[in-house]
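For clarity, chains are labelled A, B, C and D in written order, and residue numbers in each chain start from 1.
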Amino acid sequence: MGLIELAAAKALASSAVFLFITLLMMASAKRISTCIVLFSIQSAIMAAEILAIAYASKSIEAYAVASLVITVKVIAIPWLLFRIIKSLKASQDVAASTTGAQSVFIMAGLILLSFFAVAPYAKTLRLDEDLLAAAIALLLAGAFLMISRKKALMQVIGLLVLENGIFVAVLATTYSMPLVIEIGIFFDLLMGVFLMGLFVFRIRDTFEHLDVSKLRRLRG
Amino acid sequence: MMQIAFNSFLAALLMIPAITLLCRRDSRVRALPSWLLLLTLLAGTIVAGFSFWRGGRLALDLSWVTPFPFALTVDRLSAFFLLLICVVGAPVVLFSTAYVERHYSPTKADWLWVLLPLFLLSMVLVVIASTAFAFLFGWELMTLFSAALILIDGDSERRRHNIFIYLMMMHASAAAVIASFFLFLPNASTLDFTSMRAAVAAMPMGLRSAIFLMSFVGFGTKAGIVPFHLWLPKAHPIAPSPVSALMSAVMLKTAIYGFVRFTFDFLGGGPAWWGYLVLLAGAVTGLLGILYALTEHDMKRLLAYSSVENIGIIYLGLGAALVLMANNSPAWATAALVAALLHALNHSLFKSLLFLGAGAISEATHTVDIEFMGGLLKRMKITGIVFLIGCCSIIGLPLLNGFVSEWVILRAFIAGSELTSLSCAILLPLMAGVLALIGGIAVAVFAKLYGVAFLGRPRSLQAEEATEVATAMQVAMALLAASCVIIGILPGIVLNPLTALASDLMHTAALPEAALSIAHTLPWVAVCIAVLIIVIAGFRRITRITATWACGLPALNGRMQYSSAAFSKPLRTVFSRVYEADRTVDVHYAQQPYFAKSITYRSVRTTSFEKSLYRPAVDMIVSLATRLRKLQTGNMQVYLLYIFLALVALLLWMRFA
Amino acid sequence: MNLAINLIQALLLIAIAPLVSGVIARMKARIQNRHGASLWRPYADLLKLFRKQDLIPNTASVLFRFAPTILFAATAAAAAFVPMLHPAALFGVSGDIILLVYLLAIGRFFLMLGAMDGGSSFGGLGASREALVSALAEAPLLLALISVAILSHTVSLSGIVLTTVQQGPLHLSAVYAFALGALVLIAIAETGRIPVDNPSTHLELTMIHEAMVLEYSGPSLALIEWASAIKLTLIMAMLAGIFAPWGMATSASIAALLLAPLALIFKLTVLAVSIAVIESSIAKLRIYLIPDFLGMASALAILAVAFTALMR
Amino acid sequence: MSLVLLLLVPFLTALIVLTCKQSRRAVAVAISAGALEIAAIANAMWRIRSVGVLQFGRYLRADGLTAFFLLNIGVILALVLVYSVGYLRHIPLGRFSSPRWFYSLTFLFVFTMIAVYLSANLGMLWICVESTTLASALLVGFYNTKGAVEAGWKYLVVCTVGIAFALFGTIALYLAAVKSGVDPASALDWAVLMNAAPSLTATSNLIKLSFVFIAVGYGTKIGFVPMHSWLPDAHAEAPTPISAMLSAVLLNCALYALLRFDTITSHAIGSGFSHSLLLIFGCLSVAVAALLMVVQRDLKRLLAYSSIEHMGIVAIGVGLGGPLALFGALLHTFNHSVAKSLMFFTAGYVRENFSTLRMRRIHGMARLLPWTSAGMVVGGIAIAGLPPFGLFISEFMILTAAFGTSRYFIAILLMLAISVVFGALLHHVQRMLAGKPVDLPVAKPKLLPTDFAVMGVCAVFLIVLGVHIPGAFANILQSALVVLK
């Protein structure tokens, strides 16, 4: 067993932990830009995993997917978000509705919950347990961020985290889905973020603020 | 032959609206649709009569058109109610021909002539349907069309409120009816009447009772039994008079039809408590109905309440039938059923007569408030006389149709004393007392109505200037009055076919001969009284017209007569518990405290049911809704939270279920 | 033969009605230590009235004229139901209590209308009070009759009488007591005697019947008076027939036929006396106490019906 | 090939129409393209009828179910296009809000929805559903008013989140399939999964998990309570033709996706689980929506909630299972989309004339806009589920099924809810129709012949389906049922 295999195996084994760390940091982050950076790190970790898998299972598709992840999630989307931030010239605060400490604790709780949740399946499916857990954790974390952060951009980031979660789930299957589908999903994602960016601008223009919790004209 | 007539009858009812819309432009043929409708109804009368007296069956199956089986069958029961519809419908249409053109602008008239046939058609559908789908189809349309007809008279705030209540309660009743049909489902493969009939045998008693209760509530609401009567006095009076006539006289009867269909035809009777329930409902409805009528001085609302009362009487008959059946005295049960059905027919005859009369009066005096009438008999002879006949029939005076049905019901009650079960033997005869009490109060009510509206001095200018209405109207009313008299003197003509009908509904051989003995007596009594009257009237009398004695004071005026409120006061005090009226007396003084400039007395009676039953229900729904509304906060993050929670909840459910 | 007897007794009732009221009046007078008018006075009155001319109020309509006729006709027809000399009656078997009660209602209804047609306030006053009484009296009357009908398993008056005759006084069930009580009270109310109404007063505060007939005069008034006399007699005869029918001619033998009228006269006299006694010993009730009076009657009637079932 | 055509036409139209500067040309192009598309749909349906299943490559597939929903979208598309001819007169010109943008986005929207119907692969199905959101979000925010932007934003985010869950569900299903030995390459193909379904029982837990996520995900898009929150906003703020599209086609679109998954799940682990889930959502939606309709103040929000209610009814129909209930449910989707479009069209006229949708500011419609009122009455009676209109039939079927399987609780709840809905509609509509006319803020624009045509066609559809289900239509429904069997 060569060194690289070892590295790959290590990467796979420990990547979940890295993901959790990014999540906790996101929970405690105060500035949007921090979250964006964390997001791209998160994506990078995923890319690393995929590369590892690709190397392990020698599948070209996996390499393609990895490159996609790097281009779209690690580079394109963060860049797009930074552009938006710059041109918005709005304050960088994430406007959390929970204090940092609370957020971190909740996040930790969600991570534990996810382990509890996947337990039954991991057994039956002979899956890498902590990856699946990480997937769920990312899902929950994304939802949590969207619910607890009032800034429109944070919603976007939360959504991205959430989708990362789904993506990790795909990884957990250790089989890659048909390439077309993957590409389609990525494309959709990109479009989605782009659109949301568009709406962020519109919101800024029509409401002079970006606090989505203040968008409450339509109710009942 | 009859089959063809039957089909063309239905087709015609369907076509006439189209014809109306075609004819509206041309003034020469504007009247065509109404006369066509009249002819159609006469044809219908013949068809129904054939099937009612001869017992012939007619059938029409349209299932090939519709997604669900849609079959129409005329057996004796359906024929009876079809006859009822046509017999009442024809005079009403005749009346309308004159009424409409005086009251409505051409457009409104067109609306009426479009809607009226459809309304009739929907009622016909209900009574001749032989599948659940057809029945419900007609049932729902009946409500919609009647509401549309009510709207012709205008859409003021109050009217709309009443219509709203009407439609809501009808929708609820329809739901109950639908339920009572569908409860047959697992046992009856398809919802056509024959298979439903067949399925009952296999059903457990609980299910049957559920069906019975559902149909009791559903049809009861349509029929207007207390406490589901709320809509009736609100909806009937505000319709155009011919329509009120149809609603009160015919539409209510479709509910009776449905109830009879279910309880007697499908379920074939049940345990005694069904009967007790129906009896109770009948008694309460009858009493409260007539007591509420006593306080009214809006003529049409009074008549509406008296419809409630008569429905109560019909339910008394039905209840008696159920109880007697349950205590295996089938012959008398049949008699009671006959009585109930006969009263349904009678009520539709005299009630339509009275509502048409009310229409004629409101046309002559431009009011329906009897306090502003008076002395109309001198000014509108024919109307006055036929209206009198209507009043006499509705309070069940002998030699008129109302008496016959009440007589048979009373006989059935008395026959109840023969039953072995003690409770029945006590209860049924006492019910006769209830019926008598209802009758007694009815006498007071209609003495008041007729006395105040038609007799004495005119109580207002418009009453003084009232003139007789158009001939068509008079003829229409006269026809109804005549039928009242004929049935009253020769009840045999309807009693015998009804007996046949009832006995093959109940699968009983023959009626106790005593049950119909009245049919033999009445003609003789009629002859005897007629002779006496002729003899006495034969005497030569010298008469002189003088002024009414005014205790030596200068001439009296209309305001000095007993008003309708004054007339009913003694009885109202006796039953003051029922009314819980909230009265207001405000006096404006010229000089405190002696010289009152004006005294106004207002007594508003909102039925306690409205306060204690319906208001709370509505309020509950609305408050629940407003509370739910708060959940839609407008904050997107909360929305996300909902999704999130839904997901978590489902995951847990999945885990532990 | 039967038919003949029936016709006779129907006509007899109509004929003697005024006499009965005359007797009552005489009795009252005697009790009040007055000499009183002759027994035949009512006939004289009727005759006089029939000769007079009929004054019609200018507001009145055709109904005002015909109400008395119909009233009389209906009451007379009702008279044909009541067995007096012989259990069987005209409309024999099927001439039943229900029809009887409702026939009386006809007259009452038209009298009310006639009163309201007069166009004065008295008519309405009388009519509304009459409405009160009749509305509350109808139920107990019917119930009381039904209770005896139940005992004799028939609704025809003759049938009821016949069974009582055959039972004999000692075997009567207790139901009769209740029924009798109820019927007596109702009879008083129906015929407008004290304490419910006072036929010999014209006081606005109290009068019922008199207020209704205030506008009538001449033949019309005669018919009304006669009709109410018939009603009174009819109800007395009915009481006698139901509760003490003994002495009626059950067979068509000469002896029986001779005995029957004597028995009838005896019974009617007894009843007349008792009415007279009541009328002169009790004070009239306030209008608003009449419902209680009739309530008592209803209670008795209900008990009567209930006991028919309980005591079988 | 015909499938490609189906997709190509709207896609190209979306591009071409952008080039037409003046609106008349844009309208012309749009109408003709619409005609073309409808022809294509007809052709495709005909082919499906003859062949049974159309397959193009690995990713495009059309069977009976597709055919039925294609019919639905075709009819509504036609109605909406004709309606917009009259409607476009009133589009306030803005940066993006011009007829050509409107048409371009609309056709993009149509393109994505048709893609949903045609996708053979569940992954692609997901992609298309998500892209419907993206395409329509801009349309919802079309007017760029505060309300529009807010609604658009909420719509976009909420739906994307929901759909994300659906993706997770899809993957879980994929995982399950692969785990139980389906070839990974084709483990998302519907046909393959259908064949393999019986052998998936081994991983029943995972399948349940997947269906929960699917139900929540696509349920968000269908508008099941409690995921419905985006729906009233979007429906109320979108341009009227789009509101019609959203509630008449988009909801069905998501429903279609759910149906596909439901079928697989039922085949794999028995219908018990998925159907009870659907029943829960159905009952919730019906009850809540019915109550909320009572207290609405905005006409289009009212209609939106009624859409939720009807989707609930459909869900109940599907959840009850059995041929009759399913037939009823599918029929109900069609009836509902026609009736609801009619209602939205009338709502459009109301806004044009009263320039508000606050129902308490609207009086005397019956006198001011007799024809619009007539349309509203017809539509109202129809969506209240009364004869002689189609929804009565479909609700009758669903109720029949409910009682037939003696699920009394659901049946009674359904009937109660329908009564409440009736009350709410009656209460609101009568207040708008009657009363004395308000003086209109804008000069009353008269209805074009096209408007009459649209309303007339809707009414005719409803009445015909109310008394008689044409044979051809019945066949289409039957073949759709066959797919779901």
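Following the convention adopted for this analysis, a contact is a pair of C-beta atoms (placed from the backbone, for glycine too) under 8 Å apart; a residue touches a chain by one contact, two chains touch by 3 or more.
Treat the numbers as computed from the prediction; the structure is a model and nothing was measured.
S.K.: If you check the contacts of subunit A and subunit D, which chains show up for both?
M.R.: B
S.K.: Please identify which chain has its centre, taken as the mean of its CA atoms, farthest from the centre of subunit A.
M.R.: C
S.K.: Express in whole angstrom the distance between the two chain centres, defined as the mean CA positions of subunit A and subunit B.
M.R.: The separation of the two C-alpha centroids amounts to 70 Å.
S.K.: Measuring from the mean C-alpha position of subunit B to the mean C-alpha position of subunit C, what distance in angstrom results?
M.R.: Their C-alpha centroids are separated by 36 Å.
S.K.: Let me have the rounded angstrom distance from the C-alpha centre of subunit B over to the C-alpha centre of subunit D, please.
M.R.: The computed centroid separation for subunit B versus subunit D comes out at 44 Å.
S.K.: Rounded to a whole Å, what is the gap between the Cα centroids of subunit A and subunit C?
M.R.: Taking the average C-alpha coordinate of subunit A and of subunit C, the gap between them is 102 Å.
S.K.: Any chance you could list the residues of subunit B touching two or more other chains?
M.R.: Counting only residues that touch two or more other chains, subunit B contributes 629, 632, 636, 640, 651.
S.K.: At least two partner chains per residue is the criterion; list those residues in subunit D.
M.R.: Answer for subunit D, listing residues that touch two or more other chains: 153-154, 157, 161, 165, 209, 232, 292, 295.
S.K.: Name the residues of subunit C that each touch 2 or more other chains.
M.R.: None at all.
S.K.: What are all the touching pairs of chains?
M.R.: Chain pairs that touch: A-B, A-D, B-C, B-D.
S.K.: Show which residues of subunit B lie in contact with subunit D when the two form their complex.
M.R.: 65-68, 133, 136-137, 140-141, 144, 155, 157, 160, 163-164, 167-168, 171-172, 175, 178-179, 182-183, 185-186, 191, 621-622, 624-626, 628-629, 632, 636, 638-640, 642-643, 645-647, 650-651, 654
S.K.: Could you pull out which subunit A residues touch subunit B in their complex?
M.R.: 97, 117, 143, 146-148, 150, 155, 212-213, 215-220
S.K.: Within the complex, which stretch of subunit B touches subunit C?
M.R.: 375, 377-378, 381, 384, 388, 392, 395-398, 403, 407, 410-411, 414, 417-418, 422, 425-426, 429-430, 432-434, 436-437, 439-441, 443-444, 447-448, 450-452, 454-457, 514, 517-518, 520-521, 524-525, 528-529, 532-533, 536-537, 539, 541-550, 556, 560-562, 566-571, 573-574
S.K.: In the complex formed with subunit A, which residues of subunit B make contact?
M.R.: The touching residues are 629, 632-637, 640-641, 644, 651.
S.K.: Going by the contact rule set out above, which residues of subunit D touch subunit A in the complex?
M.R.: 59, 121, 123-124, 126-127, 130-131, 134, 137-138, 141, 144-147, 149-154, 156-157, 160-161, 164-165, 167-168, 171-172, 174-175, 178-179, 184-185, 188, 203, 205-206, 209, 232-233, 236-237, 292, 295-297, 301
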